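Both complexes below contain chain A, partnered by chain B and then by chain C.
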Partner chain A sequence: MERIVQVHKPAAIGVKRWGLLLLGIIVAATLPLMVNSYLTSVLVIIGIYCITTVGVSLLMGFAGLVSLAQAAFWGVGAYATGVMAVSFGISPWLGIVLGMLLSGLLAYGLGWITRNLNGHYFSLATLGFGIVLNIVLIEESEWTGGSSGLSGIPGLSFGSMSLSGDTAWYYFVWAIALLGLFLCRNLVHSGWGRNLRSMHASQAASESMGIHTGRYRLQAFVISALFAGLSGGLYACYMSFISPAVFNFDMSIKFVIMAVLGGLVSIWGSLVGVVVVTLLVEALRQYVPLLLQDSSSGGAIEVIFFGVLLVAIMVYLPNGIMGMFHKRKSNVQVNAK
Partner chain B sequence: MTEALLEFQDVTKSFGGVIAVNNNTFQVEKGKVVALIGPNGAGKTSTFNCITGMYTPDAGEVRYNGERINHLKPHKIAELGIARTFQNLQIFTNLSVLENIMVAAKETRKPNVLSSMLRLPGIKADEEQAQKLALDMLELVGLTDRAEVLANDLSFGEQRLLEAARALALRPKLLLLDEPLSGLSREEVKGMVALIQKLKKDGLTIFLIEHDLSTVMEISDHIIVLDFGSKIAEGKPDEVRSNERVIEAYLGRDVKKQYEAPESKRKDREPILTLKDIHTYRSTIHALKGVDLRIDKGSLVAVIGANGAGKSTLLGTIAGQYSPNQGTIYFENKAMEKLPAESVSRMGINLVPERRGMFAELTVEESIRLGAYPRLDSWMIPAKEKRRIEEEMEQMYQLFPRLKERRKQLAGTLSGGEQQMLAIVRGLMAHPRVLLLDEPSLGLAPLIVEEIFDRLYQLKQSDMTIILVEQNAKAALQIADYAYVLENGRIKLEGLPQHLLQDSRIRDAYLSSH
Partner chain C sequence: MSGADLIQLIVSGLTVGGIYALISVGFVTIYNVNGVINFAQGEFVMVGAMSAATLVSAGCPLWLACIVAILVAAAVGAIIQKIALHPARFSSEVVLIIITIGISTALRGISQITFGSNPLTLPAFLSGEPVHLLGAYVPRQDFFIAGITLVSMVLLYLFFEKTMTGSALRACMMNREVSRLMGISPNRMALLAFGLGAALAGIVGVAIAPVSLATYDMGMMIGLKGFVAATIGGLVNIPGAVIGGLLLGLAESLGAGLISSGYKDAIAFLILLLVLVFRPQGIVGAKSGKRV
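For the complex of A and B:
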């Protein structure tokens, strides 16, 4: 007897989705031709952030873990690449790979130590790690340049052809970001992702079904750190200058906000979240100085803005922007439990 | 002599002074159906947890196939071939029915991360294998047509079947069923019993906890009886049935309370709550199809019916959790069907939900006090009000003395029956004008059910209005003033309970002794 059972999504939506994806690719491919170079550079940064946020989304949406150390892992990737290139002359390609692995290794250690922590306790532990790492970046000034930052990080080149100009970087970074999204999407739709989600619903039941929940947690955490490390390495090479102030707690929060705003119901939410948040911040940078004569208050305004944004998302869009497109599967109210 | 698949030797497990499992020794033989029975809080689920590795015994040995498994983690024990279901269902509500079962498939238990990312052919093949296995299991329990539904949207009975199917997908050698029949309708019980018998015929060893004694006697080869953590008897069903200690511990003194039958004074009373032609949809399911209900002030109205008849939806609709698509609900002549749950609760209609909704990490005392907060408008509680709350708590403790003994204990560590008492008390603290109770007898031993229903009768005598939704029709009809029978979202019958008790249609459908 032939039985076809669609897991996850009915076929009708699938067709629409592929159409949407195609449209997205066409828009993305032609985008740098339509906007000025400033906006192109913003788009490069969005792509770089996106690589980190994919990992955050995997961790939060599917494993149910909130990590506040993602900016630290991002920083590990960036500084590993930068320090190796500046102090030892190691190729930034190799630096990026080593930075990624170092991030993953640190996550493995941190994840193993915190294997029994759940909920807020896990978040607090990762917060502590993030703060300590930021202090290390500032204090180890011999290598990292301390709080004045590390400059002179070389860019990337393919053989004799160097990757120069925002447009080239745009295509390069987005190719990687989309690849990352694609890999993560495969992962969450596989048995691996199903096991991870099962543990999110009932750890007792998944363990009773033979699922080693600790292993999945750790794997998800390491994957998210690998993505963050990769993103950091690319960031260092693109900017050629990095400073500890970028890799702080605020940035970790920003990554979380991006993932939540985009919507944790789908891995694509991370992409949506990064685009929306970054464009909003850029708009803020443009217009706040016009409203307020005192230009030094821009940073404070940004913090206030994020605070308000987070509250607003939680109240009005608990499932994020992607949540609006996902049909509610049950009309049982959340508070009915 | 048959071989023992599972052996307990002098196993003890205690929690801060409370001994849950007390120095127990017993065996489960290969290919047999063995039942573990005993009153609520006897340590049955704790025994299961010692087998599956959720608890590590303080002393003694648990052996499976002759191998010591005391200190293994739950997932290792599952891999050895011991599968379980849960008393308070632990389905993966965020997954589809099919996916729920696929989680248990061996093929996809440890997928390689890299190959999953790249969708290598091996992964796809494993996934197909798991899906095939899951479909087979669904067919076995008769849920094939629900495969794509989100598990959360299944009815209670279907969720029990899903748990069984999921456990079977582990391809276990030993299957532990924790109250597989509790909360099931008569038809569903039949189905589950047939399934257990089929599995036994296929050679599976089954160890089960169950309150439904007549079914236990019918299907078990061997019965072990626990009371207060200790084994008090074991043997063949007939031996256990005639054992004095068992009868005393399990059934209590055989003095059935006689309740005064209500007179037909319904006309003199004033309705406090009236439902007119209520239609409610849950996702796409038309759960209530035009329900009319009249609840008089100071009366206890029972709504009985099988699983999936729409009983919980009915209470949820009254409580404002689901908004009806059609019809009106009058509360003292004011239409209220459009109001959100919190407004309804503030008007004095309080729901004690099925499965109780405990805050596991609050103590009994804190939980009760929490129940009083919704009725206080300000967050600052005046001293006078505080004193009143303390006095009321004392009254509640008189109603349920067991709770007083345990008032410093965490709610999560209470037995099922005590949690139900706490849930009722919490509802009462809000000073309800109408108290809605959803299946208070669910999963409780007869003795406890009797105690709780006795208290409900007492509350009714003190002029509380109560709507009692129950599957245990016999018990509910004994204390009710008026009753409705719900079937497929419609009121099928209504009347005085003593008349309904005589009605053969009711007897056939709901009053079977299971």
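For the complex of A and C:
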């Protein structure tokens, strides 16, 4: 009997998409030439956030898991790179790789012990893990410098050429971020990604089709932590100073917000979400005080704006910004209550 | 570590545990009727504490200020449910969670503007020297906290078990669809749950403000502890939430006293992880159909 084996290939990118992509790359390449150095540094940070958010987006949009520990994995990457470079003189390149592996390993452990938890229970477990890890960073001050932070982390260099200046960092970080985005895009369009999505749609159905759902969600969780670890290592080298306050629960929430606001319908949503949220925060910081001509309570007004906008966007655009452009696809679930 | 120290730790643990229990009951009620993990729960505590402190400093008598503050917290909860969560009730869980996060962010900003960013004080109901009890020194305000917790618990019990509305609310917590068939409006119950949850948080705010001061950013940690307590109790029933709160308070106080005070907050979340891994159905109660 002849067996027909169908090979799953990643979906090809259409001509129109290629054009759009080319335009995007041209704009991205020329962007640092057009804006001032402050804005360039914001763009570097956006790129670093984007690497983490891609992982979050993969985990939430395709595996259907909400992790509230991403900032902790991010912090593990950053602190592993920082501590190894500062205390042991290990090259930051190696440090970033080891930090990624450490994040992945922790995610594997956490994912394995929480393998039976679904929905809110998984989110609460990751919330607990993230907060515990953050407290560890504060308390183990012998290594991490405690709440006053860790400074003097060396930057990156290629051989004798050191990576200095915001523009150089911009190209470097965005090259990695785009690579990560493409990697994730191909992942979710592969057979692996289809299995993941089928799991999100119905766990029971995909199990009955022979998909080992536990393994897939564990893999997705580890991948998201690897991305977070990489992004953390880059953050540590770029900032040269890290403190536990950056890697707290608020930041984990922010990563989730970025992914959801951008839209979980596509992996590109994570990029859109990071750009929109970061630029929104910057714009509020710049323009709200001008609008009110009162600098005393500026901080609070920004916070209110941000909160209210968040609620409004989620009420009116529950599928995020990318959701507006996508026709309602089957992988977007609308719970009927 | 002497026996008196141990009693001291247990007494303070139970007091804090009572606080956690109240937040956790509100949290469980909201969670089961609205289907949302309410990240704004801690902010309701803050609203209660800040409004009470502001009213008292404006010359309002203490008891009146407290009642008004609790009503303010309940009203804020109800309004939020109506304008932010009700329109989004068909959205996915993640979207609802983010909405509550947005609300808590906005509430923090609003109260920073309305009440200022300096810590506010509220006079204690029972002031004076700590009471000597079984070798431990118990601050008088702790008796008030314990008392108000007990009274609230009794009232909650009467409400949930003996009144028609309470039974309807309980039915809605168990199964929305079937309770709708019985003529209970889930939308009205969702509103009631938010009001009740926020009122309980307001009571907590009023009770702890004299001890911990009222600041605009006090809500986050206490709200999260409420989740932990609710999870220990299994997230689905009210007695579980109460027991979870008391256990959490005790564990935290003993852990801080016996192990390390720096890791005090970590203990709570470590317990959360352990409970989720080993007994996701909660410490109390058997597996129910609604679980995992």
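We adopt the following convention: the second predicted complex is superposed on the first by the 292 of 337 C-alpha atoms of A that agree within 3 Å, B and C clash if a C-alpha of one lies under 4 Å from a C-alpha of the other, contacts with A are read in each partner's own complex, and residues count from 1 in each chain.
Assume a residue touches a chain if its C-beta (ideal position, glycine included) is under 8 Å from a C-beta of that chain, and two chains touch if they have at least 3 such contacts.
Treat the numbers as computed from the prediction; the structure is a model and nothing was measured.
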item: Partner chain in contact with A:219 - chain B first, chain C second, else both or neither; value: first
item: Contacts of A:303 with chain B and chain C, given as first, second, both or neither; value: second
item: Which of chain B and chain C A:26 touches, first, second, both or neither; value: neither
item: First (chain B), second (chain C), both or neither touched by A:186; value: first
item: First (chain B), second (chain C), both or neither touched by A:206; value: first
item: Chain B versus chain C as contact partner of A:197, first or second or both or neither; value: first
item: Touching partner for A:116 - first (chain B), second (chain C), both, neither; value: second
item: Which of chain B and chain C A:127 touches, first, second, both or neither; value: second
item: Footprint overlap on chain A, comparing chain B with chain C; value: 333, 335-337
item: Chain A contact footprint on chain C (complex, rising order); value: 35, 37, 84, 87-95, 97-99, 101-110, 112-113, 117, 176, 220, 224, 227-228, 231, 235, 260, 262-263, 265-266, 269-270, 272-273, 276-277, 280, 292
item: Chain A - residues contacting chain C, complex; value: 60, 66, 113-114, 116-121, 123-125, 127-129, 131-132, 135-136, 138-139, 249, 253, 256-257, 260-261, 264, 297, 299-304, 306-311, 314-315, 318, 333-337
item: Residues of chain B that touch chain A when the two form their complex; value: 52-54, 73-75, 78-79, 83-84, 86, 90-96, 98-100, 102-111, 113, 116-119, 123, 126-127, 130-131, 135, 147-148, 150, 152-153, 166-167, 169-170, 281-283, 316, 321-322, 341, 353, 357
item: Residue ranges of chain A in contact with chain B within the complex; value: 3, 5-8, 183-184, 186-187, 190-195, 197-198, 200-202, 204-213, 215, 219, 223, 329-333, 335-337
